[in-house]
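After this come two complexes, each holding chain A, first together with chain B and then together with chain C.
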Partner chain A sequence: MAFVARKWSVALALTMLAGVMAACGSNSNDGNGASSASPSSPASSSASSSASPAASSSEPVKLTIAWWGSQERHDATQKALEQYTALHPNVTFETQFSGWDGYFDKLAVQYSAGSAPDIIQMDAAYVNDYVGRGLLADIGSINTADVDPSLIASGKVNGTLYAMPLGVAALGMVYDKTVVDKLGLTPPSFEWTWDDYFAFGEAAKAKLGKDKYVFEDQSADLVDYTAYQYSMGKGYIYNDQGKLAIDKDTWLQYMTKMSELRDKGILTPADLTATDKELDPQLDNVVNGNAIARHLFSNQVGAIDALKPDTYGYAALPKGTEAGGWLKPGMFWSVNAQSKHTEEAKAFIDWFINDVDAGKTLGLTRGTPVSSKVVEALTPNFSEADKTSIDFINKVAPDAQQFINDPQGWGNFKNEYKTIVEEIQFGQTTPEQAYDKLMKKAAEFEAAAAQ
Partner chain B sequence: MLRNPFKSLRIDFVFFFGFAFIVALLVGLFVYTSYTSSSREVASSTSFYQQKLLNELNKKLNTNLVSIEQSSITASKNFDIVISRMPGDDSYDRVRAQAEIRSQLNNYVFGTPILQSIHVYSNLPASYSVQEYVQFLSMDQIPKESWYPDIEKTDYAWLSEHSIKTNSGDTPVISFARKVYNNLNQYYALIVLNIKVPVFQSLIKADDTDASVALLDETGKLITQTSNSSFTQAYLDSMMAKIAAQPSGSDRRGDEFLVWSKSMDSKWTLLERSSWKDMTRSSMETTRLFLLLGLLAILMIILLGMFLARQFIKPIGLLLKAMNQFPNHKGVVLPDDYKNEFGRLFQGYHKLTGRIEELYANLEVQYERRRHAELKSLQMMINPHFLYNSLDQVNWVAIEEGQSRISRMLSLLGQMFRLALTNTDSLVPVSEEVAHIECYLQFQQIRWEDDLVYQVDLTEEARRLLMPKIILQPFIENAFVHGFHGKRSARLVVTIRPAGNQLEIIIADDGRRIGLSHMAPKDTKSGGGYGLRNVQERIDALFGPAYGFELSDSNMGGTQAVIRLPIILESPHT
Partner chain C sequence: MSKPAYRRKRWDSPVAGYLFLSPWLIGFLLLTLGPICMSFYYSLTDYSLLAAPHWTGWANYHRIFMEDDTFPKTLKITFVFVLLTVPLRLVFALLIAMLLNRNVKGMSFYRTMVYFPSLIGTSIAVSILWKNIFGRNGFINDVLGFFGIEGKSWISDPHYALYTLILMMVWQFGSSMIIFLAGLKQISRDLYEASSVDGAGKVRQFITITLPLLSPIILFNTVQTTINSFQMFTQAFVVTNGGPVHSTYVYVMYLYETAFTKYQMGYASALAWVLLVMIGLVTALLFWSSRYWVFYESQGGRR
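Moving on to the complex of A and B:
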């Protein structure tokens, strides 16, 4: 089980996206293609709900469901749950929702206490870990006729479906368009390079002054370095054997550059970085105006737009020799293997991904819906934010990097990574020392994963 | 004065209402006692079980809350350890310390399902994100919190319901706050463990009731309650005395039934209020059923009473009707199929009316007879008058014809009639009676001329006495008719004198002796026989058997009659 890289190529992703988002037009030059392409044929919701597995007895069932996300996602999901209860009065939900931070810590504690939720929002980084420990139920019986098989494959481990992908998202960047326009800067684009990135930083900092910063310092997030290594043509940070494959020079180069930007006040200073909470109305450094730009997934467009409507512009991660961003299935629904209500849970997930009404309620809060039918039905009613989000994906998609689930045993590595990089941020250590520490930590993980 | 209803009111009325009253009284009494006893039963058993339940809840609650309190101790110790290890002069230390504290406290939240979040008031950088489980706030914030007075003077306290911001919006929580002290015994942080109110309430909520439960801490402060603001602090303060006096008890105020339990080994008091109406619903239903049955019974009894009254009263009514129509009751026939008291009553009534009818008939006969007699007597009175008047006319004719002897006789006869006709049946003076017999004697004198010698000896004393009239004339007539019949001469002596206490009248003649045998036959109507018997009867009727007359031979050779009468003095006014 050590090797769990998904055979999920960019090509496949593109095929999928082309199929899913024909309406939006993969040719982004054709701006109005979205509305002209597919005359909406809103699939009847009854048709899709009748496809649910016949697990619906009238016995009262209370399903516990947990997810992380932004307030926008919380609201949409709770509304969808109410909708489901209205359709199935015997099924009620107990919800547990929070931000990303601490989500998997809590889940770990709950599993050890035997009180984990029935339905769990799962992240690609943890799928292999949880399946490896036998904590997730086989959900292969769910109807996935309208979902691209290659996308489904991202939720499979050894051919068995354990995690139902819920949406496709692209990694890119968000910037405060109002500030960029006001300062008269060249806005970041989907085509920009690292040089553009550094130049933008310098130019913006010069105009912003002392207490404002250009980029939220996300160098402690493994995602950022992953994108950097990709963009430098050094490939994925894990190799085929499921081992860490960080290129030392590239990493040191990146960390040194970041320290330099930090010193110049282009990146947020360490103590400000420490208080940053992504998409928190007060604590997100881009939202609260401390910085201009940060990385963002396309499925967060709606959330950040909701916080400050019509404020933000979007860009790809900077390119080096290659593109840095990638497409990923934003998140999954998994069913707790310990649950007493796996059938009901599966019926709910079936409804969640296939029902048009559910799709309308949820919108793009978890990325572009995976059911082509749902996308078709939704397309005519896309909001501006939705369209932006779709546009975001389409622009990142053409040269997006391959997305690979974290290998088993490495789910928590990103937390250790963060701690080590934070030391650099606070000037407690040099990049070289940090690299050694990182390698030591990696060896521990590797040894543990090998057992 | 209240009159005896059995004597004054109509029988059917008394019968029916008496019946109905007694039944209603019984039913009412039954319903009342069954209601009071069953509701008392309900109250005592409810109180007992609720107290038991509350005690159980109290224990369960205490277990949970004690674990929270203990967690807070560990959390505050760990907090102090982390802070003293990383005093926080440099910012990285502070970030690391905060991260470590967050991760530790996260684990408390994750591992204790009833915890919603933990708030840390300290000098660490403030960071409040609703997406997080652990929030850092500044120490300066504490005095601004609504619960500040609760913690101000104590090291730890339960904070009653207040609101915090979460990713579900403003969420009501109940919290346990504990101050963190360092080695120098300085208070420098406050850890607040938040429990969601619904979770907390589920701890104090009995599973199967919708009664509202309130939780008070040891000072009587209302921590929370399961129903919206049904208990107020003021209300609870008024209960405190009772709760203090009795750790477990119950009380009823109108519709409210309160049960409380203050556990010995914890500081919590649970107070449960339920609706008395709801509790006693079943016994109320029973009561209502009884009441309904009672009313039904009353109705049945009313009908039965009406029926019985009718049946019993009917013969009385018939009797009354018959009595009312009595004189002409021929139309009303009393039924003859009653064999009981009513039958006897009817028979008695029949007998009574029969007797009365008989009497009426008799009376009618008697009346008829009397009328007849009166008529006869009137007729009899007409005859003497007619004779007297006729005699007078004959007298006149005799005078015209020159027949002076006949005239004289008619005149005497007229005088006798006159005497006889006046004062009929009454007593007359002896002199008048004597005048009467003298008339008769003079009448006979005219016929007998000198052959008749008579003498009337009347004492002056006797003259004034009274006697029945026409007593003497029949004796004298008898003497002439029988004694002197066929004789040429006659002598008659009448002696009237008082003898002792009697008036003695002796009429003696010298005619033939009549003898007693001659007097005996009383049946004869001829002559003196009828007259004497009449005299005897009249004397008997007037004076009784002590008086009368007797006939005997006279010393003059003939017959003598001795008549004895009582001495009756002339009344002064006569």
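Moving on to the complex of A and C:
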């Protein structure tokens, strides 16, 4: 009796185990098919697909594609992907889109698991990091006849093209036109200088009263100091050897001046600054009315205008002895070097930047398109915000500073920089002490980059 | 019962036993033990997530204790967090459990409602909600403003941010509360009746009956909460992202950033092992101290 019961229980356990194993097995198959670049039909093994990599092949291909951005960009990109699938029925897409936060964290994990997307939206801060580790494929064969060569150069590392720029953006400022007009102030312009900037701050603060501020305090953003050092004629913040080249006196001067503005209530106070989230309807201090002006890239004009139409005016960053702002490729498409469908991915990118219909669908969601042919075709249909954005670029362009990608290993330095400058903002340290801390951090990054 | 006989009985279970266990066993070996061993290996390398690891021996551990300035800072924040969270949460859970241990109409409804925050507790959604409630223009400050008090910016001021997170952790007392409640139910009514005949008041009953009989459960909850608090991450990541000025930069937050934004997976693995040893030591300390304050009825009243 006991023996029979035991036999039964063994059988039952085995059945359960088999069930569980089967479930696990099929799950992991699904997982592979969904997340990695394996061919969509399991019968045609990876060998056959890599043997015939021609873009024209009609073999079904599933490309994984990842990007970050706002809702506007998500919608336009998804529409463009559908368009591409209609043209090439054998190519389907699996999309992974999100906001900026956590995008690169996730990408690193996907790479380490061997399941990174085939096509990846890249940022200038990480191009050198990824290329240096051999993670991006050479995409030099893509047709770039209609693209400004200096722009293409920004996607090259040692002469090889790894990242295709997708749009140009200019760094400038946005201000709340309605408030400036109401207070009767001279609005910031594309020619204003640092003296004008300080004078505007004083004048505006006098009329704004206690609880409103003039500028969002972005001194903890490395971008702002980069522009300041440029405008003072001290050059870029990294030198040719890829090392930090912050000019000590210029930095201290900038931080001291910013602290002064903060004390006067011209810059937002530290606790308000800490809650600021760029282009968030509730948390952006310029959008919610706590401050009047902040820095902005021209490809964000559409996004901020959508939050509050006809409210904003645009200006350049203040000039010193030179201009402060620059033109930068907003973002890039890169192809995963581990991808099994490099050719198909390249064909897609080619279409994405050169095709006029694709350009029409995408609009300015990634900045002004890089192909002059596409821009020409789009111009008649530009919306007001698009025109403003183009106008913005054209006004910054003449004396724009050179944009350089962050050197390898320095992609995350801006996070450390932010924390150190925040200590000044909260009055926990002086600019001099902060400078020493900054240099100590820089030495760590240098040592790590040298390895 | 002799010891060898007991041993044999324990390990010679029928095959079916292991087979029934196997889904868990396989899961444990592949999904838990495997990664644990891998992480120890990585902690001895310079693994960067994006490139293959190179053996570096104990260099990561040396760097943690000798060169890393962030390590002592984040450790201090974590200890402040744990030392405040654990007692506050336990006291709070016990008080609520005692309130819910009465026979009032509709009690099961109240219990469900009180447990609710813990069900949704560690989720991202609650963290975002918390962020809005405690923001500069959030609900809390609106209420304070109603009473004429000017509220602070609770999550973006380095003086208050950590305490706001502690409050959030204390608010999620539900699981400890449920366990306390079960413990309270087990205490025999007779003891209370007998003591009240002898003239003991409520406070006296609490100190001489409730607390001693509940002490094994207090120990369990303390250990549980301590481990959870050391590992706190979601709240710090979502609500404050470790800021402002690293005031909520708890240990796991540091570990996460090291691994996934700085790509120093090897170093992060070493940090994780240091955390493991630390939690192990604190837990061992708690168990060692338990012999002085935990009372087990089954041991005939011996402590």
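Going forward, the second predicted complex is superposed on the first by the 392 of 451 C-alpha atoms of A that agree within 3 Å, B and C clash if a C-alpha of one lies under 4 Å from a C-alpha of the other, contacts with A are read in each partner's own complex, and residues count from 1 in each chain.
Definition applied: contacts are C-beta pairs under 8 Å (C-beta built on N, C-alpha and C of every residue); 3 or more make two chains touch, one makes a residue touch a chain.
As the structure is a prediction and not an experimental result, all values here were calculated from the model.
By the touch criterion defined above, A:L252 lies against neither chain B nor chain C after alignment on the C-alpha atoms of chain A.
Legend: residue contacts after superposition of the two complexes on their common chain; A:L87 is shown touching neither chain B nor chain C. Touch criterion not met for A:L183: it reaches neither chain B nor chain C.
Contact with chain B, but none with chain C, is seen for A:D280 once the two complexes are overlaid on the shared chain.
Shared-chain residue A:D105: touches chain B and chain C both. Contact with both chain B and chain C is seen for A:A270 once the two complexes are overlaid on the shared chain. Contacts of A:F426 after superposition: both chain B and chain C are touched.
Once the two complexes are laid over each other on the shared chain, residue contacts for A:F97 go to chain B alone; chain C is not touched. Once the two complexes are overlaid on the shared chain, A:L135 sits against chain C while remaining clear of chain B.
Common to the chain B and chain C interfaces on chain A are residues 105, 108-109, 270-271, 274-275, 419, 422-423, 426, 428. Against chain C, in their complex, chain A makes its touches with residues 6, 9-10, 13-14, 16-17, 20, 104-105, 108-109, 111-112, 129-130, 133, 135, 270-275, 412, 415, 419, 422-423, 426, 428, 451.
If you check the complex, the residues on chain C that touch chain A are 14-16, 19-20, 22-23, 46, 48-51, 135-136, 152-153, 155-158, 243-246, 257, 260-263, 265. Chain contact summary for the complex, chain B toward chain A: residues 90-92, 94-96, 98-99, 103, 106-107, 109-111, 113, 125, 127-133, 167-168. Touching chain B in their complex are the following residues of chain A: 68, 71, 74, 97-102, 105-106, 108-110, 113, 115, 270-271, 274-275, 277, 280, 282-283, 419, 422-423, 426-428.
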